[in-house]
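Quick notes on the structure that follows.
Per-chain numbering from 1; labels A, B, C, D, E, F, G and H assigned in written order.
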Amino acid sequence: MGKVVINPARCKGCKLCIEVCPRNVLVPSSKNNHLGIYVVEPKKVGECTGCSRCAMICPDVAIEVYR
Amino acid sequence: MGKVVINPARCKGCKLCIEVCPRNVLVPSSKNNHLGIYVVEPKKVGECTGCSRCAMICPDVAIEVYR
Amino acid sequence: MKKVFGRTRTLRDTHTHYCPGCGHGIAHRLVAEVIDELGIRERTIGIAPVGCAVLAYYYWDLDICEAPHGRPPAVATGMKSVNPKNIVFTYQGDGDLAAIGFNETIHAANRGENITVIFINNAIYGMTGGQMAPTTLCGQVTATTPSGRNAERYGQPIHVAELLGHLPGVTFSSRVALSDIPNIMKTKQAIKKAFQAQMDGKGFSIVEVLSPCPTYWRKTPVEALKFIKKDMTKIFPLGVFKE
Amino acid sequence: MKKVFGRTRTLRDTHTHYCPGCGHGIAHRLVAEVIDELGIRERTIGIAPVGCAVLAYYYWDLDICEAPHGRPPAVATGMKSVNPKNIVFTYQGDGDLAAIGFNETIHAANRGENITVIFINNAIYGMTGGQMAPTTLCGQVTATTPSGRNAERYGQPIHVAELLGHLPGVTFSSRVALSDIPNIMKTKQAIKKAFQAQMDGKGFSIVEVLSPCPTYWRKTPVEALKFIKKDMTKIFPLGVFKE
Amino acid sequence: MSKILMCGNEVIGEAAVQAGCRHYFGYPITPQNELTAYMARRMEEVGGVFLQSESELAAINMVLGASACGARAMTSSSSPGISLKQEGISYIAGMELPAVVVNVMRGGPGLGNIAPSQSDYFQAVKGGGHGDYRLIVLAPSCSQELYDLTALAFDLADTYRNPVMILADGMLGQMMEPVTLKKINSKRVKKPWVLTGAKNRPARMLRSLFLEAGALEKHNEKLQEKYRRIKAKEVRCETYNISRAEVIVVAYGSSARLTKAAVKMAEERGIKAGYIKPITLWPFPEEVFINEKDKDKRYLVVEMNEGQMVEDVERCAGDRKRVSFYGHAGGWIPQVEDIFKRIKKLV
Amino acid sequence: MSKILMCGNEVIGEAAVQAGCRHYFGYPITPQNELTAYMARRMEEVGGVFLQSESELAAINMVLGASACGARAMTSSSSPGISLKQEGISYIAGMELPAVVVNVMRGGPGLGNIAPSQSDYFQAVKGGGHGDYRLIVLAPSCSQELYDLTALAFDLADTYRNPVMILADGMLGQMMEPVTLKKINSKRVKKPWVLTGAKNRPARMLRSLFLEAGALEKHNEKLQEKYRRIKAKEVRCETYNISRAEVIVVAYGSSARLTKAAVKMAEERGIKAGYIKPITLWPFPEEVFINEKDKDKRYLVVEMNEGQMVEDVERCAGDRKRVSFYGHAGGWIPQVEDIFKRIKKLV
Amino acid sequence: MREEIIAAGFGGQGVMLIGKILAYAGMLEGKQVTYFPSYGAEVRGGTANSTTIISTAEIPTPISSHPDVLLAMNSPSCKKFGSRLKKGGLLIANTSLIEDVFKRSDLTIMKIPATSLAHDLGNKRSANMIMIGAYLKYKAIVSLKSVEKAFSIFLPGKKDFWDINKKALRLGMEYEGR
Amino acid sequence: MREEIIAAGFGGQGVMLIGKILAYAGMLEGKQVTYFPSYGAEVRGGTANSTTIISTAEIPTPISSHPDVLLAMNSPSCKKFGSRLKKGGLLIANTSLIEDVFKRSDLTIMKIPATSLAHDLGNKRSANMIMIGAYLKYKAIVSLKSVEKAFSIFLPGKKDFWDINKKALRLGMEYEGR
C-alpha cells in the first residue's frame, strides 16, 4: 500500500507520471494551479503501491511517495 | 651515371644529403655562402648514380640531379 | 507510512523555469541525489552552463559558478587547481559542450583533469529557441535546419561519449538516457560512478545523458521519451565507452 | 644528361626562413610537387597557418590566404562555400591545429568539408620558441615543460590522425613521417591521395606529417630524423586510419 | 511600395539578401536568433550558403574565407558573441577584406541579460580588437533604417575593403514595425584582389602579416589614409533644429527614437531643443559639433549604457563642461518624459 | 638591495611570484614568451600551478575558475591573444572577480608583426569586451615599474574585485635593464565570496547573469559605484614641470621613456616643456588636465599607434585644438630628436 | 490616437499571436504600429507577453510602461501587468485561469472564461482569439475585417482552424463579461 | 658617456650573448644599461642581432638607430647595420664570413677572422668571445674583469668551456686587425 502527494505548485502538467504509473493511479485534474496549468492528481488512490515510478520520472519533483 | 648541382645560395648546411647519399658523394665544404654557412659540395663526383636521394631529403631544394 | 520518495537535500524546493516534461529537471534531481548519497555537498562546486540550465544555481543548494558559453571545463580546471579536494563538476548542454566548447572539453579530458562532466544531449539548442546542435539527428527539423539537418552540409551527429572514450585521460565515459524508469536509474548509477571516479582521483569522467526537449522537438513529453527510445538511441547507442 | 630532379613549378626559387634541417621545407616541396603533378595549381588556394610556416605565401606560387592562429579550417570552409571547384588546402602546425584550433578542425572534419589538411606534427611550437604542443612526447623538455612534459598534468600526446579517423565526414586520414627517403616518398603519396580525395569530392582529408624541428628538439638535423624514427613513431604509429 | 511587418532581425536578413549577400555564417544567440533562422530559410530559397558554425570564432573566420574569395559575406551575433569575434574582426580589417558584422546588443557585462542595450559602443567604435583599425559602424534606429543601412553596409564594405558593423540592439531586433522592402541597387565593385586560383595571372596573397622592416608601418599608414577618406566622405547624421536650439540631445539607435519624441515634447512646451542623431558612429559626425561654436549650447547625451558615446561628444563639443549624460546599462530604456525632464533642467 | 638584469617579461613573472601569485595560465605568443617560460620554471620552484592552456580562451577561463576559488591568478598574452580573451575579461569584470591580465602589445591589426606597439590602448581602456565594465589599466615604462606595478596589480584586483591589466609592449617585455627585486608586502584581502564548498554556511554563487527585472541595471549601478571609487582613489600619474611649461608632452609606457629625454632636451635649449605620464590609463588622470586651465598651453601626445590616448587628452584638455599628436603604428618607435622637434614646433 | 496593448499569459497560450495580429490589423488601417515580444529564458515556463502599439503618430518606443489595455490570460500576468495599467484602462481577464481578478476601481474590467469557452468550442488553442474578440467589442481601434485579414496572413492555409478561430473571435465579441 | 653597441650575425653565432655580457659588465661598473634582442620569426634562418647601451645617464630607448659600435659576425648583418653606424663609429668585422667589408671612410674598421680563430682554438662557438675581446681592445667602456664576471653569470658552471672562452677573449684583444 502506498500513497502519493502531489504538490500542485510544482506540477507542470507534463503527464509523464500518468504514463509510467503501472496502476493508473494518476489522472489529469480540472484544477489549475497559480500558473493556469491543469495539474495531475491521484484518483484510484487505493491502487497505489508506492513503487515511486511516478516520482522518479517527474521532472519537477512534484511528487512525494509514502509507503 | 649521375650528377648533382648544389645551389650554395640555398644550402643551409644541414648535412642531411650527406647522410642519405649511398655513394658518399657529398661532403661539407670549407666554402661559406652569403650567410656564412658552410655549404655542402659533391666530392666523389664520379660515384654519383643520380639516384636523387640527396635531393629528396634536402629541405631547401638546393640540389638538382641529372642523369 | 514512511516517506520513500522525496526531495533530496541539495535540490532546492523551488519552481524551475524548464518547460513541462523537460529532461533537465530529472537530471538535476539525479545529480543532487548522487551528491547527497556520496555526502560531498559541502565540498562540491558546480559550474552552470550557458544553455537552458543557466539558472542551475537557483536549483542546486551548492556553491556554484557561472562560465561563459562552452568554457566550463576550463573554469573547472582553474578551480580544481586551487583546491584538488573540492569536487568540481560541470553541467553542460550539447551546444555548450560539443559546439562552441568542444576544444575545452577535449583538452580537459585529454589532460585527465579530475573533474566530472554531466553532458545533457537533447539534440537541440533549447535556450536560444531550438537551433541545430552538433548532436541533432539527420533530418531533424530545427530553427536553423528548416528542411532537416542535412548530412551533406553538416555531417553526422557527433558522438561525444565514444570520441572522448578514446582519450587516455578519460577514466569514465558512458551514455545513458532519461527515456524510462530503468534508464533513469541507470543514469543515476552512471552519474554516481562518475563522481566516485573523481573522489578516487582517477581523472576525467563524463556522463552523456540523452534528455528530452519536448518544446523544440515539437512533441508532447510522452512522445519525447518515446523518441529517445526509438530514434535517438539508434543513433546514439547507450553504453559505457570507457571505464 | 637529363634533369631528373629539380624544383617544381609551384615552389618559388627563394630562400626560406626555416632553420637548417627543418621538415617544413621538405613538406613544402612535396605539397608543391603533388599540386603540379595533379595539374591543379591554377585552381588551388592555400591557407597559411600561424606557426613557423606563416610565410608560406612567399614559398608557394599559389593564391594564398592567411588565417588567424588555429582557424584555417574555418577559413577554408568559407572559401570552399564560394567556389566548390577551387581546391582548398590548409597547412597547419600542431599548435595551430591541435591546440588553439582543434575545435575548428574537428567540426570541419565532422561536416565533411571537402578540403585537404596538411598537418605538420613536430611535437613543438617552433615559431614561438619551443613550447609544449599537444603532441609533445611525455618527458620531452620544452620551454614550458622544463622538467619534461608531465603526463599527470598534461595527459598523453593527442593522436590527431586516429581521432579524426573516427569521424564519418573524414574520407582520408593518415600519418606519415619525413624520417627517411622511403617515408618521404610515402608522405608524398599520402598527400596526393588527400588532394585526389578532394578532387573527387569525397570530403575531408588529412595527412599528419611527423616532421623534424632540430632547433627546439636541440638536435642536429640528422639526429632529429633518427628521433622521429626511433622515438616519435613509437608514440605516433604511421599508417592509414581512414580511407 | 507596400509595407510589410517583420521583426527587425528578419529585416536585416532580407536587406542582406536583397543586397546580394549569399554567404551567411552564424552561431545562435539571443536577441538575434530570428536573423540566423531567417537566413537559414532564405538562403535555401535563393540558393545561397547558410552555415550554422560551431562557434562565433568559426563564423567570423568563415566570413573571412568567403570574403577572400569574393563573396558578400555576413555574420551576426550579440554582445558576448561579438567579443569572441574581435580577433577575427581585427584580421579582416588588417587584411582589408569587406565583411558585414551585425551586433544586436544585449545587456552586459558578461552573460548579463538579453534585454536591449547600447553597451558595446566603445567596442564597435574604438576597436574591441587589437591594433589601429576602424570599423565603419552604422546605427539604425527603426526597421526602415535596419533595411536601408544593412544594404548600404555591403556597398561600403566592398568600396573600402573594410568590415562594416551594424550596431543594433535587442529592441530593434525583436520589434516588428512596418517596413518598405525597396529594391536595392547594389554597387558592383571590382575585386581584383580576390583569390580564385592563380590562372593566367600572378599568384595573389591576402594577409595582415608584414614582417619586413617598416612594412607594417606602411600598411598602417595606408589604412589610415583610407580611414581619412572614409571620414571625409561617409559621415551620416540626422540633425534637427540644432542651430536655434539651446539644448541639443545626442542619441543614436533605439535611444534616438525616444529622443526625437522628447525634443518634440520640449518644443511644444516652448523650449528651444534640437537633436543630433549620428547614423555613422564611426566615422563620428565631428563636424556637426565643431560647427556649433555657440558657447551657450548644452548637449545632453542619451545612451542605453553608462556613458560611452558621451566621451566622443565631450571630445568634439569644444568644452566638456557643456556636455551632460543620461543613461543606464543592463536593459534600461529611457522614457520620453524623463528625457524631456533632463532637457528642461538644462535650460 | 642589489640590482639584477632580467628581461622585462621575466620581471613581470618574478613580481607576480613575489606578490603571491601561484596560479598562472597562459598560451605562448611573441613577444611575451619569456614570461610564460619563466612561470613554467618558477611555479615548479615555489610549488605553484603553471598550466599551458590549449588556447587563450581556455587560459582566461582557467583564471576565472582559479580566482573564483580564491587564488591570485594571472594570465598573459600579446595583442591577438588578448582579443580572444575579451569575452572572458567581460565575464570576470561582470562577476567581480580579481584577476591580473598582462598584454605585451605588438604590431597590429591582425597578425601584424611582433614589434613593440601601443595599439591596444582603446581595447584596454575603453573595453574591448562587451558591456559597461572597466579594467584598471597600469602602464609601466621601465623594468622597475614592471616589477612594482605588477605587484600592485594583484592588490588592486583583490581590493576592488576587478580585473587589472598590465599594458606593456614588446620593447619593455624584451628589454633587459637592471631592476631591484624589492620584497613585496602584499595586501591580504578577505574574500568572503570565494567558492570552497558550502560547508557550515549558505551556498554561494558567482555570476554575471541577472535576469530578474531591473537586476542587471542594479548590478551595473553597483559596478559604476565601484568605478567611481577607483577613479577617486587610484589615479596614478607622473608629471614634470607642467605648471610652468608651455608645451606638455603626454605619453605612457615605452613612449614616455623617450618623451622624458625629449623634454629634457627641450629644456636644455630653453624651451618651457613638461610632461604628463599617466601610470593608470584607467582611471585616466583627468584632473591633471582639468587643473591646467591656462589656455595657452599646448599638449603633444606621443603614442606608438595612430592616435588613441590622444582622444582622452582631447576630451580632458578643455579645447581639443590645443592638442596635437605624434605617432605611428606597426613597430614604429619615436626618436628623442623627433619628439623634440615636435615640441619646438609648438612653441 | 494612441493605443498600447499588452497581451500576457504563459507560453503556448498564443499571446504573441494576439500582439502580431493587432499590429498587422493596425497597419492595414494605415496606422503606425509596433509589436514587441518578450523573449528568451523568460518564455520558458514563466510568463510570456507581447506589446502592441497602434498610433496615428510616430512611435518612439515599442515598450509600454503604462498600457491602455491588458489582455491577461493567466493569473501571474494579470498581477504583473494589471498594476501597470493606465488609469481608466481596460483589463480583459481570462477568468478560466484567473481566480481573483486584480482589483482597481479606475479600470474597466471585463471577465471572460476564454479557456473554457475555447474548450467548449472544440479548440483549446482558440482562447487567444476569444480574447481579441472581447477586445474588439470594447474598443474599435481596429476592425474585425482587418483582424481577420491579419489572421489569414499569420496563419495562412489552415482552413479548418481558420473557421474555428473566426467563431472564436465572434464568441469573444458577443460575450457579456462585465 | 653613452655607448651603443649592436652585435649581429646569424642564429647560433651567439650574438645575443655578446649583448647580454656587455650589458651585465656595464651594470657591474655602475652604469645604466639596456639590452635589447631581435627576436621572433626573424631569428630563424635570417639575421639575429642585439643592441646594448651603456650610459652614465638614463636610457630613453634600448634601440639604436645609429650605433657607436657594430660587431658584425656575417655578411648580411654587416651590410644591414654597417650603413647605420655613427660617423666615426667602430666596425669589427668577422672576416671569416665577410668577404668584402662594408666601405665607409668615416669609420674605424677592424677586421678579424673570428670564426677561423675560434676554429683553431678548438671551439667554433667561441667566435663571439673573440669579437668581444677585439672590442675591449679598441674601447675601454667596460673592463675585461667585468666581462669575465658577466660571463660566469650567464654561463655558470661550465669550467672547460669557460677556460676556452677566456682564451678567446684574450685572442681577440691581442689580434692586430687594422
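Going forward, contacts are C-beta pairs under 8 Å (C-beta built on N, C-alpha and C of every residue); 3 or more make two chains touch, one makes a residue touch a chain.
Small disclaimer: the values here were computed from a predicted structure and weren't measured.
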Each chain counted as touching subunit B and subunit F at once: D, H
Among all chain pairs, the one with the most C-beta contacts: E-F
Centre-of-Cα separation between subunit E and subunit D, whole angstrom: 39
Between subunit A and subunit F, centroid-to-centroid distance (C-alpha), Å: 59
Rounded Å distance, subunit E centre to subunit H centre (Cα mean): 54
Multi-partner residues of subunit E (at least 2 other chains): 30, 51, 54-55, 57, 80, 87, 91, 95, 110-111, 207-209, 211
Numbers and ranges of subunit D residues touching at least 2 other chains: 15-16, 18-19, 54-55, 66, 68, 99-100, 102-103, 107, 127, 134, 153-154
Residues within subunit A bordering two or more other chains: 12, 37
Residues of subunit H that touch subunit F when the two form their complex: 20, 23-24, 27, 32-37, 39-41, 58-63, 65
Subunit F - residues contacting subunit D, complex: 27-30, 33, 36-37, 40-41, 44, 50-52, 54-56, 80, 110-111
Of subunit D, residues touching subunit B in the complex: 1-7, 11, 15-16, 18-26, 29, 180-181, 184-185, 214, 220-222, 225
Interface residues, subunit A side, partner subunit G - complex: 12, 32, 34-37
Touching residues (chain side subunit C, partner subunit D) in the complex: 99-100, 102-103, 106-107, 110-112, 134, 151-156, 158, 162-163, 166-169
